[in-house]
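Note that the chains take the letters A, B, C, D and E in the order they are written out, and that residue 1 is the start of every chain.
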Amino acid sequence: MKRHTNMTRRRLLAGAAATTTFLAAPTIVRAQGGALKVGVLLPRSGVQASIGQDCQRGADLSVSLLKSLGYPDITLMNADTETNVDVARTRAEKLIADGAQLLVGAFDSGQSTAIAQVAEQKGIPFVINIAAAPPITEQGYKFVFRNFPTAPMILGDAFANQKELFEAAGAAPKTVVFMHVNDTFGMAMKGGIGAVMPKFNMPYQIVEQISYDPAARDLSVELAKAKATGAEALMVVSRLNDAILLTREMVKQRWSPMAVLSMGPGWYEDQYLKTLGKLADGPLSFVPWFDPNKKLSKQLEAALAKAHPDINLNTNHVYTFEALLVAADAFKRAKSTDPKALADAIRATDITDNVSPGPGIKFDAKGQNDKLKDSAIQNRGGKLVTVAPKVAANAKVEWPMKPYDKR
Amino acid sequence: MRSLLLDGVSRRVWIALGVTLAVLLIAPLIVNDYLLTILILILYFAYTAQAWNIMMGFAGQLSLGHALYVGLGAYTTAALYVHFGLSPWLGLPVAVIVSALTGACIGFLAFRFRVAGVYFAILTIAFAEFARIGFDHFGWVNGSSGLFLPVANYTQSDLWNLRGKPVMFYYVLLFFTVAALALCHALLRSRAGYFWQAIREDEEAARSLGIDTFRYKMYAVVLSAGMTSVAGVFFAFYYNNLFPEQVFSISRSVELILAPVIGGVGTLIGPIVGAFLLTGLAEVIWEFLNAFGFDPPGAKQVFYGICLLFVVVLLPDGVWPPLSRALGLAERPDAPDDKPEA
Amino acid sequence: MAVLLEIANVSKSFSGLRAVSDVTFGVPEGSIFAVIGPNGAGKTTLFNMIAGVFAPNSGTISFAGQRIDGRTPDEICRRGIGRTFQLVRPFPTLTVEDNVIVGALLRQPDVPAATKRAREVLRQLDLFDKRAQLASKLTLPDRKRLEVARALATEPRLLLLDEVMAGLRPTETDRIVEILKKINRDTGLTILLIEHVMRAVNSLASRVLVLHHGAAIAEGTPEAIVREPAVVESYLGVEAV
Amino acid sequence: MPAEIYLNVAVSGLLTGLVYGLMALGLSVIFGVVRVVNFAHGEMMTLAMYLAVVLFSAFKLDPLLMMVPIAAVLFVLGYALQMGLINPFITRPEHSQFMLLVAIAIILVNGLLIVFGPDARSVQTSYAYDSFAVGPLIVDATKTYAGLAAIAVAAALFAFFRFAPLGKAIRACADNYTGALVVGLDVKRLYALTFGLGAACVGAAGAMLVLIIDVTPQLGPAYTLLAFVIVITGGLGSMPGALVGGVLIGMTEAMAGLLFTPSAKSMFAFAILVLVLLFRPQGILGKQLS
Amino acid sequence: MLTVEDLDVFHGDARALDGVSLTVEEGAIVAVVGANGAGKTSLIRTIAGMYRPARGRIQLRGADIAGLPSHRVCNLGIGQVAEGRQVFPTLTVAENLEMGALLPRARAHRVTNLDRVYALFPRLSERASQAAGTLSGGEQQMLAIGRCLMGQPDLVMFDEPSLGLAPAVVKTVLQTIHELNREGLTCVLVEQNVAVSLKLASRAYVLENGRITLSGTGAELLADDRVRKAYLGM
């Protein structure tokens, strides 16, 4: 069983075990030595297919990259959660039955929670790549680790980075309208704003909050409402499709705010850039990202460019990769595939040579990496540049955003 | 009651049921955790399938929005547990009442205003969607942020608070599934069961026999809704998190309907057989595709869809009626029975 | 004899078409009363009004001294009127016995009692041996008798029969006629039948009402009725060519 | 809020509603005649949207012009589907029909996922971002074209059913199945034709919609549901009803989004559906149920 | 012209026709009498291709037509005036007639046939643009006959054409059938108006419980005691 990284767009899965243990083995025999078997659970079909498959790219890159960095061999056992908690849980059990010694996944908070319980019961470490719902690491799990900021962390960094940018630009909006999608992440962010924003003494005030349905097929009314507030800038937490819809509506309804301040996915994604072309330029995203100045970032970027020349490195790749980095690092230090030893090793993680901004990867008692820093990135000519924080920046912010009708 | 449970079941059926139950009882000792998870899923679908079957299979009222009741049951017990530390067993009656009342509401509106057939089916979907969006804005259960149940450590099973290992959930579900089977069997042989079947077959003829069809249709909806919500309790405490998008989605409702339709609508055993077949099928297809190394995301579902297509085209009454005849376990033997006269 | 069912000046129109106009008659308790007339004469409409399928536009229907017009079919049945359907409507996927149990449950306290009652009725109608068969597998004459059995199981005071003899062979007709006569004789059950088959009407009914174009054109004993020229013309066919 | 926003939102709701109506039209046509509820409606539309995307990206063919060929492809598909699979199900109970179409929907969604991948695809026309300004009123160009196309398709269908012998024959089938057999109409073929026509409407709607929204394989169910709501509100089986229902739902959503929180705007659409079902079960323009 | 041999038809599990055989000669009127539910309509619909026989042969001018779909049977010249008239209620009278003329065999003769039908039933031309559902029963029966004639049939099966009609209308309808027959149309007549149909018929069959129990000329059956007893109540 060898994981081979297939460079075609449609990867064939080869890593999963060919044999199924249908009957209980009283003690699951786990080979000492050999490659670490990592079960990767991602929603590669169903509603979240797009993100799940994007995350998978990050996972696929990791194996050879980590090896080249001197980490011991890891083998991926991939499973599709079908964007469904039942399946997520079943697949997690299956991967463990087939010998997975560590789990990574699963982008979504609901599915991650379902997997977390299996991991906890089995004593198999579970490293969450992406999932921002704060409760996951408040549950008292011992085998669940998250190398991804929670909503309040993202917000705090967003406000800090915004202030830095306003200072650099010498200008700031006095009013913003806040639009957010009414889903888990959107609500978590909305909830955080009230608590976090006052601490930062922001130069603007939020004139209106507009919440919209994640299943929305049309956002013309929402945007008309936002435009009617007369706010100088648009603050937004959205998803990819909404981001595209909102941009189109801004162009059509002839509204060019001073800035688009996004605190969620969508505005920086490849699909957004590709679909909107030059209209995609300008929005600022305050999100978990990578530090383009770090060495490993450049390596990861190069690896991705080799595998997928048309794809920009993004959060999905970075955090899925880092989850595997955590796994490989723990394996290296534990020198064992025993889950207990792995979990102990993860608890002691202290990785400084990483991709995401900030000091590095370290978990607190709850299994949360609370040292994570987020970046401010801006879309420029189909590429993404980091404009804040200064330590992780590779460009200066363009301010204000170029009006849509002048492009 | 005894006669309701024992009547009309042949010895062969008793033996078959007994063996199956015995196997299920000792299954957790034999199978690994992965299979146990599958079995839990099967029992979950078998239970909900039976609850749905009361409404559609017995009384002939097609509901395509049964996720509504699962969701209500889940949210009610979970919210009571999270906010007041109320045991799910104490929350259960509340959940059942909430769901039953909701079912009564929908039933009352539909049956009073003579919304029937396809229209009724779509009304049930509409209410489920209504609930989804409503719960997205329902702050007490955290709206779309999701409701998380606190997770204690798992070293011991706490049956009173439904905190524990999968095997505990397995036996809880097995109990409910068997209880539902017994209830359905008794119901089918009760006054309500006869009246429901009459309504299902021919509502006008049923009315001409003095049956208050409105009342009995209401009974079916209320009972089915209440029973379904019990599955919600399990769902909440097994997965420990609830999101309106997830529990009230149309695909959830569709999942609940697959097993009874594939197994055999209106039969006692069909829904259970359907749950076994479909959940098993999903796993088998997954294994199969994996073994061939052909696993583009979505392939499993395509094959699953093709299998569904074949079953529904070839076996209009579902799998169980022909299967039961083949096994000599038919629920309705055509030959005159030999039971003594009452 | 007291009048059990009283129809007074009943009329019914469908989208302007007058199906039943100003019909008046009474069915004495314990009698067998027949309504005849060509197809489309309004018999089934009249029947359905008695059974509660729809309400008359005008006029009243009383049963055992109480107004029943405009009541729902189930309530009318609970008051003691059993009915059959012209196109038989047994519950096809239920067994013969279960079909009848559904009816019997109206008056019986529980399923065993209803089963007992159902079997009595099945014996009366010579269906006992076929009780375990699915209703959909029965032949037409058997299904007709099953409908009667199901209605009888509700223990009605008045039995409404809608062309139960239609489509039966003379021997089968005679068989049902005998059964109905016996039930009428033994239990005093009142029967109102709508019928085409004169053979049955002649041997069963004590009184006959002839409907034509929604109106009653004659009422009397069967013997008197067949001699009425209007009846002969409307029922047995006009000279057309 | 400035007053013109109401006008803007109302016009936008109207246009969106017309497109919704066009999308729902296919469902209505099929149910009105064949009496089968096409639960794979949204998935078929997704397929049409992908066709438009492929034609555009490969040959730079404008979806507005491709409406007709895409409709033709979907027609063939619908015809074959009815002839091959659905015909035997016409006499089966509703849950059986539901299951068949759910199976078809599952295959379509995941087939599209395998073929096209999960990422949203779009069509970049030269007029994608155009809008017309009439005083304070700003009207979305693509929606205007789509709305006009919706009216044109509905008018064409209406004319077909009113004047073409084949259209009349289809109405005859819907009117009286036995009667159609008696006069020697080939009911099976006419049903397939109807399903094809319904699918063609879905195809036309998909070609239009791809101008407004990007397509992903998972788009289907939401649109199936939306089509149900519209068609039942307007009257299942009624063609003008579909448009009226679409406009009503479109306007309701727009106004609810403006006056209340937009995230709950679909709830108002469902509320309208429930009200219509309770007080006029046959829909606003539907015929009395038998 | 038409021969039916040994026809068995089932509806589900119930036997509707049991070994039915009959012959219809060119230019004849053949009557089939029997009680409701005896299988008359089943017989007509099986010949018309609406039901599939389980067994038996149906031949039109020597060619086997059993099991052909109804639209093909119609196109071979077997028309039907169905029980309950079966007009299209929301279509206009003219559209109803047009539906009858959609058969390939009739398309070319549409105009002449329409003139003939309007000449036969002037009422229909008066009401050409009225919805068929608003017609009276008698007018609907005329429409059903007219619609059938639009299909250029050689043989027409009439299923209870006088059902529910006023005596005067019954008279017109039966006269029309008689006339059409004289013009060369072969007719199969199923009627509850036993006396009249036997008088009209050159040959008649008694159908009981799915079986032919008696056959002969109309006059023979009219004189038959069994028929008199069972169907005339005498």
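Going forward, a residue touches a chain if its C-beta (ideal position, glycine included) is under 8 Å from a C-beta of that chain, and two chains touch if they have at least 3 such contacts.
Everything numeric in this text was worked out from a predicted model, so none of it was measured.
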Chains touching both chain B and chain C: none
Touching both chain A and chain C (chains): B
Furthest chain, CA centroid comparison against chain B: E
Chain B and chain D: spacing of chain centres that average the CA atoms, whole Å: 33
Where chain B and chain E are represented by their mean Cα positions, the distance between them in whole Å: 52
Inter-centroid spacing, chain D versus chain A (mean Cα positions, whole Å): 36
Euclidean distance of C-alpha centroids - chain A vs chain E, Å: 75
Two or more partner chains touched - positions in chain D: 110, 113-114, 118, 217, 261, 263-264, 266
Shared interface positions of chain C, touching two or more other chains: 137
Per-residue multi-chain contacts in chain E, two or more chains: none
Which chain pairs touch, all of them: A-B, A-D, B-C, B-D, C-E, D-E
Residues on chain C engaged by chain B in the complex (per definition of touch): 51, 53, 72-75, 77-78, 82-83, 85, 89-95, 98, 101-103, 105-106, 110-112, 114-116, 119, 129-134, 137, 150-151, 154
Residue ranges of chain B in contact with chain D within the complex: 56, 62, 64, 109-110, 113-115, 117-119, 121-123, 125-127, 129-130, 133-134, 136-137, 250-251, 254, 257-258, 261-262, 265, 296-302, 304-306, 308-309, 312-313, 316
In the complex with chain C, residue positions of chain B that touch it: 3-4, 189-191, 194-195, 197-198, 201-202, 204-213, 266, 332-337, 341-342
Partner chain B, residues of chain A touching it in the complex: 10-14, 16, 18, 20-25, 44-45, 49, 52-53, 78, 80, 82, 85-86, 89-90, 93-94, 96-97, 109-110, 113-114, 116-118, 120-122, 133, 135-136, 139-142, 182-184, 186-188, 191, 213-214
Interfacial residue positions of chain B with respect to chain A in the complex: 30-38, 41, 133, 136-137, 142-146, 148, 150-154, 165-166, 239-241, 243, 245-246, 283, 287, 290-291, 293-298, 300-301
